[in-house]
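Heads up: the structure comes next, in structure tokens.
First chain written, first letter: the chains are A, B, C, D and E, and each begins at residue 1.
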Amino acid sequence: MLIGQVVGTVVSTVKDEKMVGLKFQVVRDVSERGKPTGKYVVAIDAVGAGHGDMVLYATGSSARQTPATDGKPADAVIMAIIDSWDVDGELVWDRQAPAVKA
Amino acid sequence: MLIGQVVGTVVSTVKDEKMVGLKFQVVRDVSERGKPTGKYVVAIDAVGAGHGDMVLYATGSSARQTPATDGKPADAVIMAIIDSWDVDGELVWDRQAPAVKA
Amino acid sequence: MLIGQVVGTVVSTVKDEKMVGLKFQVVRDVSERGKPTGKYVVAIDAVGAGHGDMVLYATGSSARQTPATDGKPADAVIMAIIDSWDVDGELVWDRQAPAVKA
Amino acid sequence: MLIGQVVGTVVSTVKDEKMVGLKFQVVRDVSERGKPTGKYVVAIDAVGAGHGDMVLYATGSSARQTPATDGKPADAVIMAIIDSWDVDGELVWDRQAPAVKA
Amino acid sequence: MLIGQVVGTVVSTVKDEKMVGLKFQVVRDVSERGKPTGKYVVAIDAVGAGHGDMVLYATGSSARQTPATDGKPADAVIMAIIDSWDVDGELVWDRQAPAVKA
């Protein structure tokens, strides 16, 4: 999985019928230090993430292993909202403590 | 999924027999801000997208989860036409309002 | 799928037994404008492509969805020979008109 | 598979229910010489790796071929802890001999 | 598939039980001209390749389509040892003629 931040939404009326009712989230990919990498992905949200949340997203066939995406043409899914993460013993992100946010 | 713009078509007479009758669209990959990234993909169109449309495309095995691509040697599919999308609270693309188009 | 040009062949005697009888083609990856990207792939040819042909190739599990590659350790397949393609309304490649070839 | 070093942990309370009880490890991707490449992945740990361990991780559908990840929305798994590896006849990493560690 | 050269070995005692008895080879990725690209992969050897051999390796789910890797958490497999390959009509590599080796 990779870490990203929910920064937007894609609206689509004309789409594969299996995608009706699903929310397309724009997820900005970040580095292990929480900095934007310049990449992004549009993912189906399987856990109720909101704008600004740091999330874990899975891609490929693994993205279809949730009730929301099973058997659907979705290659990216948000499967966890991150509370916090650390790297090299330092806290990179804490959802409850904005001061140390990336 | 990633966002791209339909910019062309590939014509092929000699192809895997399962691909007969399918349309190959050239989709120019764009950034979260709607700018070309220099990459592209040739995708099967499962939703009737037209030239200039911004679309969502799925890749890998997920590209085979539509009636048009099931069981076929296709690794990219257009599975949604985008009406609009926003990033960081700003509208990036609006299909009905050319003025704010990327 | 991506577009590439058949530029060579790989010969192998010692290989997985399922690969016996298959031809390994060196396919030079090209941009949407038909220029080499510096990347390549070795693909199984499912359609009888020849040296110099511009082709479409599929990768990943989708590469196994042809009679030639079903159930085999092949992650890239040539599944179409390109007659022509256009981008932004301009003809990029025409198999019958060398003058406009990339 | 690729080689990486376990450098952190991601904590998540709200996640796909199949992921409950699994540990998310931050794995820093390294080169064949053991140097960081600037990339990382968040992987499920199937072998009990600890902080600082050099490990092998598998991605994509192959990441679901362990008891810990079967049928789950996980696209990366740590499936081996590395004792040592060599390249061009030189020892790059030896878990028991810190002096030659990367 | 991509072309690479076997340049090393990874030793692991603690690993997923399905991987017991398999050999992890460090494969240095090369360009179509046989030059190192700076990338590598650790692959399961399904054909008995030796140090210095140029090989074809497959990745993703296709890497599990050999008797050695079926159902296992392996995302890369050596499925052919290369005798020779040519590009643009020139011999790039010949296993029996070191003088023209890359």
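Convention: contacts are C-beta pairs under 8 Å (C-beta built on N, C-alpha and C of every residue); 3 or more make two chains touch, one makes a residue touch a chain.
Here the structure is a predicted model, which means the values were calculated and not measured.
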Rotation angle superposing subunit B onto its copy subunit D by C-alpha atoms, nearest 5 degrees: 145
Same-residue or different-residue interface between subunit B and subunit C, half as cut-off: different
Chain centre separation (subunit A, subunit C; CA means) in Å: 34
Centre-of-Cα separation between subunit D and subunit A, whole angstrom: 21
Contacts with 2+ other chains: residues of subunit C: 59-61, 63-64
Order in which chains appear around the ring, subunit B first, subunit C after it: B, C, E, D, A
Parts of subunit E lying in touch with subunit C, wherever the complex brings them together: 1-3, 31-32, 46-48, 56, 58-66, 69, 77, 79-88, 92
Complex contacts: residues of subunit B adjacent to subunit C: 7-16, 18-19, 24, 26, 28, 38, 40-43, 59-61, 63-64, 71-76
